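Next come two complexes built around chain A: one with chain B, the other with chain C.
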Partner chain A sequence: MVETLLFYVFAAAIVFTAVMMVLSPNIFHSAIYLALCLFGVAAIFAMLGSFFLAGLQVLIYIGAVVVLTIFVISLTRQVSGESDAQMGNILPAFLTAGLSTTLIILAVLKTDWNTMAGESVAALEKTNNVTLLGNQLISSFVLPFEVISVLLLAALIGAVVIVSKDAGENK
Partner chain B sequence: MDLLKDILYNTDKPWNQFYGWAHAGWANWGWPPFILDIIFQLCFAVIIAVVLILNALWIIYYDRKIAALFQIRKGPNRVGPLGLFQTIADTVKLLIKEDINPKAVDLAVFFLAPVFIFIPTFMVMLVIPFGRGLIPADLNIGILYVMAITGLSVIGILMAGWGSNSKYSLIGGLRSAVQLVSYEIPMMLVILTIVMMSGTLSMGGIVQAQAGYKWFWLPQIVGFILFLIAGNAEVNRAPFDLPEAESELVAGFNTEYSAMKFAFFYLAEYVNLFITSAIAATLFLGGWEGPLLPPVVWFFIKTYFVVTLLMWIRWTFPRLRVDHLMEFSWKYLIPIALLNMVVTAFVIKLV
Partner chain C sequence: MNLKLLSDELMLTGIITAVLLLDFIIKDKKQIIAYTFLALIAGLTLFIGLHRQQGVVLNGSFIYDGISWFSKLIIMLGAVLATVMSLETIKVKPKYTGAYYALMGTSALGMMFLVSSKELVTLYVALELATISLIVLSAMHKHDDLSLEAGMKYLLLGALSSGILLYGLSLVYASAKTTYLDRIMAVVSSGAAGPAFILGIILVLLGVGFKLSMVPMHVWTPDVYQGAPTPVAAYISVASKAAGFIFAIRLFQYTFLKLDYVWVPILMVLAVLTMMIGNLVAISQKNLKRLLAYSTISQAGYILVGFVGASVIGISSVLFYLFAYTLTNILAFTVLAVVAKNTGSDELADYSGLARREPFLAVSLMLALLSLAGIPPLAGFVGKFYLFYAAMEKGYVWLVIIAALNSTLSLYYYLLVLRQMYIYDSAVEMPKMKIPVSLRILIIVCIIAILAVGIMPGWFIDTTTEIAQNMFTYTK
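Here is the complex of A and B:
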């Protein structure tokens, strides 16, 4: 009963912050709403007994992605105090959002969910699902894992190359 | 007598008895048990909040006394015996001062920034093991939770810097964010090494892995030093206090803040100092483990040992320049931390 109530509270908070993120005329406020929205998703993860994912959600999405976003916003010229409604590309935005939402809804409806009762969620919290996740990553999912590693490494090296080219021109 | 000994040395045993007894009594009333749990959790939250604030007040006094010692002067000595009530007087003064909101600020962001900075420091206390069985919640992702939650305060600092609508605040906030993000990386690498050695993410588990005085500071001496450097940078204190370098930035991201909101920043800085030291004590100095004295006492002795170390560093070294600061993290700390991690991994596998 409590869990259902909490779920609806968090779900309402997520939807509210997500909508406010899009509607807010101030881009800095949007970023803050995005952080709150992602925190709500982390709360849902924690409620499902997946604390590890909840921790990663906060660490990576809020601690890295949103922080970098805010950082970029702070560095842009005279954003402070300005209220610019982003209404320029309304049709492509609607199309992209509508299409991806339809896809997600279809996927959710088509999937045969392996639902769990409340007790098994409690049991899941007791088990060390971090170990389980780690073992899965280097056994069943080793190929995607390595591909992602190479991708991230390429991005890292790319960033270094771009920055060092700029530094050379300045000197 | 036995009960007292249990409460001091083995806190979870009498607590579990009391918890069972309270729940049995509660069941007689016919109310659902989760309400009692919520009441207990609220009590814990209040106790932790009070301890946190009192402790921060004490650390501020302690810092000023240590500073006085290093600078061969007397430090606070007027209010109360030995000047002990000085920080209380200061806090009361800050709380009753006029709360000034400059005209140009973004009011919502300006108002929420101290909240965003203070709440994570409070949330981290959830997983700190103060003694045997004296851990508010031993989450199985303990240390990951700490890293995730402390990362949130960067947003608070950026909000303060941006919301103030002042050049000093903005530059201070940006510098602080850059610094926090850069020094988080070596810190996480060191923590990862500790996690590899203990085989668990839970804070209680890490303390248990060091049982029998096999504390991690000796095999991980490089990691310990890296952690202290990165930790000092994370709490924005000299020689890494660039964000509020008063000679160039007035006061950094909290330039426009006054009265109670400033008090929140000030308290958060010292609470963060305590938390970083507590985590260092847990990861490297065996947590609450120690002979004779109760575990809680040992925990505080070790934490204050680290606090004193950090204050020693603060009052000894001059401030770094901003590009040196970045270089130091990216060119030295991160490679050393990576090397330390790889070597540790090999040693764990081979030995």
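Here is the complex of A and C:
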């Protein structure tokens, strides 16, 4: 009962902060709302028993992504009272978002999740999440795990190439 | 775990590492890196061609079957031809030469994993590796605003489509509770696919559509092709599209085959829209690179016509067309790259009188465009004929009629280019163009290949048919 109540509280918080992130006139506030929204997602992960995922969510998304975003905002522009919002397409945006959300919710509600084949979550709960994840990453999923390392290398090279300053460019 | 099956990918990883190390060692004469890279990937292409394997590793998450063999060949062929094109035409600072070719390698690596994996996580990660490398390659001409714009648009729209794809994949995973395509297929066959699963499939379709430049996910194509360095645009248009289609084949013609009542109607409508929008917008283009971009959009539409066709013939025709299309598009883009190197422009108006000034280039571009339009005896004709035949087999006569009408429509703007080259003359006298030897060889090789595939398609069609059958029989 408490769990259900908590779930709805967090879900409502996620929706509210997500909407506020889009609507907020100040891009700096948007970043803060994004952090709160991601925190709500982490809370839901924790409630589902995935403490490791919740921790990762906080560390990576809030600790790295949002903080980096805030850095970028404060380095590239002055935080001012001016509005950054672009409200020109607000109606089509709301319509698209509303329609797709309704569609997704309808599809998920209409699906009978119990008849689906496969392992149930209950069976997984008995084992240690982190151990399981670690084992999977270097056994069944070793291939994507290794491909990601090449992906990071490519992204790193790309970032260096694009942002590096050429000699003679800084005149 | 049989590592031998991964030998192609491992070797390519080795090549990428070698390029990066060479970049570190060689201080000047950076062209050496380019030639080394070219020699190594040409060798690898030859190795893949001669050394076909069969087998699965990691519980069926990675497969080496006919289809991955053939598509790896197309991807590597695209990479080799694009590298030859790059040697003389890219305007990248020498200190980024190593990075350019390394990224070319990583994108090919991503596509190679993409065509071989049968597991959702691997597929997605491989797709991202290919896309991120291509984004950087598009923005490689940093001094050019259009190139940066191309990179930016590719990045933003790529991220959006990745999001859609990922959401779709997560719904599929949530319903099937497995990420392995074979097991998802078992769930589909048991008839337990609920509405969430169907919605997932539709989202996946849209996400994959980005790679195929299928309407409505096509908006990035013209801007990226126009802004990206010409060899990169050529590479995106052939290799990335081929990898995308193989991804689509593995998902739709294999995993979701039993649900074809869901995706076939959607794809048919999208195929018609893709052809129409591609062709109609192409007519008004004044820039040849944009024109070719819209032409590739319409080509994606034709391929989709074959894609929804009868399963084995459909896959076979898609594979065959991708091969013919790779040769043709590379030829067209090479001519563009040569002209742009000499005149610094891709505008249609600057092609006036090309036939008189540079008959060799004009004839080459003519052959490429006629092949794209589907005129016999060029490769494009057989390819298109085969695609339409695949759709006819399944009884989609109306779709074939629309496709044939569109094909006629496309002839109009290809002929516009020919008119510009052959009938109009330039007002100012231009100096003689310099055609680098490597590009001259590339053009001649492509022309010979297009004619060979167009005149004697039998062997290629036998190969693709065998490969398509192989996908259904070889599952283990």
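In this section, the second predicted complex is superposed on the first by the 115 of 171 C-alpha atoms of A that agree within 3 Å, B and C clash if a C-alpha of one lies under 4 Å from a C-alpha of the other, contacts with A are read in each partner's own complex, and residues count from 1 in each chain.
As a working rule, a contact is a pair of C-beta atoms (placed from the backbone, for glycine too) under 8 Å apart; a residue touches a chain by one contact, two chains touch by 3 or more.
These numbers were taken from a predicted model, which means no experiment stands behind them.
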In the superposed arrangement, which partner chain does A:Phe51 touch: chain B (first), chain C (second), both, or neither?
first
Please indicate which partner A:Leu103 is in contact with in the superposed arrangement: first for chain B, second for chain C, both, or neither.
second
Thinking of the overlay built on chain A, is A:Gly134 touched by chain B (first), by chain C (second), by both, or by neither?
neither
Regarding the shared-chain residue A:Leu59, is it in contact with chain B (first), chain C (second), both, or neither?
first
Which partner chains sit in contact with A:Val67 here, chain B, chain C, both or neither? Use first/second/both/neither.
first
Just checking: does A:Ala35 make contact with chain B only, chain C only, both, or neither of them? Give me first, second, both or neither.
first
Is A:Pro25 touching the first partner chain B, the second partner chain C, both, or neither of them?
neither
Of the two partner chains, chain B (first) and chain C (second), which one does A:Pro144 touch, if any: first, second, both, or neither?
second
Considering each complex separately, which residues of chain A are in contact with chain B in the first and with chain C in the second?
none
Listed in rising order, the residues of chain A that touch chain C in the complex are 103-104, 106-108, 110-113, 115-119, 140-144, 147-148, 150-151, 153-155, 157-158, 160-162, 166
Within their complex, state which residues of chain C touch chain A.
13, 16, 20, 58-59, 61-62, 93, 96, 99, 102-103, 106-107, 109-110, 113, 117, 119, 121-122, 124-126, 128-129, 132-133, 135-136, 139-140, 142, 151, 171, 175-178, 186-187, 190, 192, 194-199
Could you pull out which chain A residues touch chain B in their complex?
2, 26, 28-29, 32, 35, 51-52, 54-56, 58-59, 62-64, 66-67, 70-71, 73-75, 80-81, 128-130
Hey, which residues of chain B end up touching chain A in the complex?
34, 104, 106, 108-109, 112, 139-141, 144-145, 147-149, 151-152, 154-155, 158-159, 161-162, 165, 170, 173-174, 177-178, 181, 184, 201
